[in-house]
Amino acid sequence: MASKARVNIGVIGTGRIGKLHAGHIASRVSGAALVAVADINLAAAQATAAQFHVPVAVADYRGLLDDPAIDAVVIASATDTHAEIAQQTAAAGKHIFCEKPIDFDLRRIDATLAAVQKAGVKFQVGFNRRFDPNFRRVREMAAAGKLGAPHLLRITSRDPAPPPLEYVKVSGGIFLDMTIHDFDMARYLMGGEVTEVYAAGAVLVDPAIGEAGDLDTAVTTLRFDTGAIGTIDNSRRAVYGYDQRVEVFGPGGVVAVSNNTPDTHVYSDAEGVHSARPLYFFLERYTESYIAELQAFVACLRDDTPPPVTGLDGRIPVVMGLAAQKSYRENRPVRLDEIKA
Amino acid sequence: MASKARVNIGVIGTGRIGKLHAGHIASRVSGAALVAVADINLAAAQATAAQFHVPVAVADYRGLLDDPAIDAVVIASATDTHAEIAQQTAAAGKHIFCEKPIDFDLRRIDATLAAVQKAGVKFQVGFNRRFDPNFRRVREMAAAGKLGAPHLLRITSRDPAPPPLEYVKVSGGIFLDMTIHDFDMARYLMGGEVTEVYAAGAVLVDPAIGEAGDLDTAVTTLRFDTGAIGTIDNSRRAVYGYDQRVEVFGPGGVVAVSNNTPDTHVYSDAEGVHSARPLYFFLERYTESYIAELQAFVACLRDDTPPPVTGLDGRIPVVMGLAAQKSYRENRPVRLDEIKA
Amino acid sequence: MASKARVNIGVIGTGRIGKLHAGHIASRVSGAALVAVADINLAAAQATAAQFHVPVAVADYRGLLDDPAIDAVVIASATDTHAEIAQQTAAAGKHIFCEKPIDFDLRRIDATLAAVQKAGVKFQVGFNRRFDPNFRRVREMAAAGKLGAPHLLRITSRDPAPPPLEYVKVSGGIFLDMTIHDFDMARYLMGGEVTEVYAAGAVLVDPAIGEAGDLDTAVTTLRFDTGAIGTIDNSRRAVYGYDQRVEVFGPGGVVAVSNNTPDTHVYSDAEGVHSARPLYFFLERYTESYIAELQAFVACLRDDTPPPVTGLDGRIPVVMGLAAQKSYRENRPVRLDEIKA
Amino acid sequence: MASKARVNIGVIGTGRIGKLHAGHIASRVSGAALVAVADINLAAAQATAAQFHVPVAVADYRGLLDDPAIDAVVIASATDTHAEIAQQTAAAGKHIFCEKPIDFDLRRIDATLAAVQKAGVKFQVGFNRRFDPNFRRVREMAAAGKLGAPHLLRITSRDPAPPPLEYVKVSGGIFLDMTIHDFDMARYLMGGEVTEVYAAGAVLVDPAIGEAGDLDTAVTTLRFDTGAIGTIDNSRRAVYGYDQRVEVFGPGGVVAVSNNTPDTHVYSDAEGVHSARPLYFFLERYTESYIAELQAFVACLRDDTPPPVTGLDGRIPVVMGLAAQKSYRENRPVRLDEIKA
């Protein structure tokens, strides 16, 4: 790749996140070109293609895999199609950027990672929050030893509003759909592996979520191989907006990051002192990190370096999610090595 | 009491906390007078008496119980003497302000509460943090319905430095010595009862603490009867000072309080933006709340109202601490009703 | 004085500020005793005496000057009586703590300072804000060279509500009544002298203040002998409470202090993020600094050291105030050396 | 214009700011295309053209004015060429986005505005800070009446480092080069006109700036036609980075905005509590506002609405700058109506 002037990318799946990636590749990611889009809903593919002036729009993603002009694909289709598409893409010799989660099933994940390895293509998983300046700064300070070996991790991760019930039903559940980002963040920030989880959950936001078999509130305790302890608290509805904070504490100090806001205004009146709410949701909050993760993907293709988020990085949070599910069901701490493919 | 101009108080135990209370009664608590002090170390009692111009200093606290001029006593002696002294004080018909914990043994606690009830005296437990303006504000906002029925509670409670090892050995362990304040805070803020705890602990600060049979780092998950979930994280050593924060989250919003600092300065230089560390430890941080709890005690005597922190409020955090100990030992969630007197 | 166990203090004038000082001396200032109070309104003197258990209450302050048991007096009477009382007190050989301003007339100030010098008594002026931890921290950082030689000073000083019109009429005007504190703060923080002022003023809060011949809004530019430039902005009414901030900027960095609040709560709801207003007014905001200035006064008597706020420190802000008045009237910068006694 | 799919823009001047605009038009401003660049240094024009894949690069800007495919030009050449180029552009019937200042000479400004009016083209001045979310929020809150009629305005505007001396010499001086942005901001935020200014200045950062006939530190007091008073403090060197804060105070409250930072991290260690410095300088701080001002320019062309920053908005801050210069030289307040074209 290093000799190529430009990486040609196709996007598979033009739902919300696929369209987002398509737009970024088209105009914000340097050294890349959006050359094709695919969606089983052809009209959706065509609309996205029109919006970003892309010549190729197809219903069958295999059209992209057959196209020699395409260097890499972004897989942003429904989760249950990731594994199969990724395996075929690998077989076609094209590099892969795959949205999280790779799959809910460890065997299918392992088959995917094996296919990738066999084909020798690059495979990056879409844990975009690793590319956020706040979290990156925490990671850098931890990695630089400013905290010493961490003792405690706290993650607060709350959505402004629950997804539609139809989505909840196929989401894999809160731990695999929502907490999975925090599981990845925990590994990223702590530079260590989780050995055991204990998950407490509740349905407090909306009974319909419980009726759909899911939780909307959860607190997960993480035990790390270093002895450190972490907690993640999740809610599907924070009325004040998207709440995305982390804190890492160690013998050298503590570093915390708070929410981003649209502006820094502080207004004081007879009632109190008032400032802006956090940015509403992930599209507003993580815009730049979505661009940065694709920029990093393009860089690893051009420089032939390992992707910054590997297939294993995609697998482990799924194991953590499965362990959290089991912990919640059995109301006991569950070791990660209890979860087998 | 209502007709009395002044409440005469004796202090039993003139260690650090007893001396603190003595000084406050002598000069900062209105409507009260410090009239006697007792300490098994007579010289210590005499020194405190001299410092605060108190006429009576004795080695045997029973001297105070026999003194008809004394209306109430503050019990600030060693924890294992609280129950016996309290029972004798009740029998002597004097009101009691008892430092936390009442005892580590539930049967002795229950005997004490029974003695108090039989005697008809007032009994207040020294959970001073309830009188801190920060936590009080959280409680008031929660009680006023600004959050809705709470979903999540987060307490961060970290000491600047571990106590001496000699103290650690007789402290009852981190859950009964340190987390007990946070257990009380959890009940105070949430207005509900905890039904189950899960405690993860570690020795990360100082191996000697582990050798003494204790932990120095702990994360406790609380399940409330309302369905809400809480976490408490503790460390015995935060290099940046005493870290005392809470956050309550509900459907109506979230309220959080941060640390108090000696001043509000913000200094920006070529390296960054710098501000003051939190106040060092509980003596600096909670000065005013120690005064306020005694003022409230005096008020309940003068107005013949119930004490703001009752004997039951003193008992329940001990149950929570015993459950946390058991949870840590057995690495499983423990219901509070598993803990029997 | 150094040999005395206790400094006996009488308070002259038992209005709001005199009563405040009396209470502090009675119970919060160590090494001092409140032994007498005087007020031309005898009933007021007696009420204050009763409140603080003081044996002596007189209408004529000369009763205090004749009392050999009294070491020092606090002069908190009406401003136009300060000079005469201070001169008589000095003649009686007693030390003086004098509320600001010493007087509005420079000749009377100079006569007072001469009398003090002749008598060899201590004389401290009540610029209490110098004893506030925030401002003290700024001063210490500036003095320690953390900023380099300062270039810019910004002071924001706004009251929550204007004083009664009756007070406005005898107050000496906004520059001598309100800004005078900021003039002192400017000298204290910058460690240099002001050579010229330019005052812009307006009546924007209440036309009645303008009808009484005063301003309610003012911005004063200060030129320092070091070349540094400062600004002070004042308003008689900030609906959000007492606004007391300063900022000093130099080649090494900038240090700023913000307002103090009753608690640290931050509440986020669907409307925004909300926190506490500043403490309401000077009694709430500067409680501790009023105690600290008297403690420092007692210390300088006991240790025979110079008072921390001298007579000259009391004189110069009056010169600045007179220059600001002249600047406003003539709408031009006025040098301090234009103001003659 | 409303019927056109795309606004074709040429950029004249490819120095730092011209290149910035060129890049934004090429990829970040929707509905616009960068079709040509001009620079008297042809190589510079060609380099910019190559970077952004622009077909046309010329040395003589008149090449752009003759090109019928070009709808509008961005004038980002040296300040002393703005007026002439703008007048020729207007004569050529093309719309104009002109960097600030239009000119230092009021007669040339007036000739330019007359030419624009005669030609009936749109003319927008590059006061980009009006498009910053922070300042925009302050303006919106003021305009919405949240503050009442403003009483006080405070602007802090400090650069991280002085420009090169060669630039200083042709910059027009601090008031016309640096404070001019703050003069515009004052009008924008207060919704009123300034009638008089008083400027205090100093050379405290670098004597060489003084030797070049300029100041590096300045405090300007503004009197508004509403009676409100404002101050602007400027420094050419803040070691902690670009300091861009404003505050508007009125009877209804106060609103302030603080600096933007690269991340929200807060690090506490044994020394204190530390966070990120402000973004370094205007390129980092105002990136989005540079895009937004061009987006607004394109919108006013497409919708045929008035530009959001008019020629008069470009003229008045120059008058203010000239008045500030005169005020500094004569050390007296100067009314704006003293400044004649």
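In order of appearance the chains are A, B, C and D, and numbering begins at 1 in each one.
We take it that contacts are C-beta pairs under 8 Å (C-beta built on N, C-alpha and C of every residue); 3 or more make two chains touch, one makes a residue touch a chain.
Because the structure is a prediction, the values reported are computed rather than measured.
Each chain's centre was taken as the mean of its CA atoms, and the one lying most distant from chain A is C. The interface with the greater number of C-beta contacts, when A-C is set against A-B, is A-B. Work out the mean CA point of chain A and of chain D, and you get 40 Å between them. In terms of their C-alpha centroids, the spacing between chain A and chain C amounts to 58 Å. With each centre defined as the average position of its C-alpha atoms, the distance from chain A to chain B rounds to 43 Å.
Residue positions of chain B with contacts to 2 or more other chains are 238-240, 252-254, 268-270, 276.
Per the touch definition, chain A reaches chain D in the complex via residues 27-28, 133-134, 136-138, 141, 146, 252-260, 262-270, 276.
Partner chain B is touched in their complex by these residues of chain D: 238-241, 268-278. Only residues 149, 151-152, 154, 156, 158, 198, 200-205, 217-219, 221, 223, 227-231, 233, 235, 237-240, 243, 249, 251-254, 331-333 of chain D touch chain C when the two sit together in their complex.
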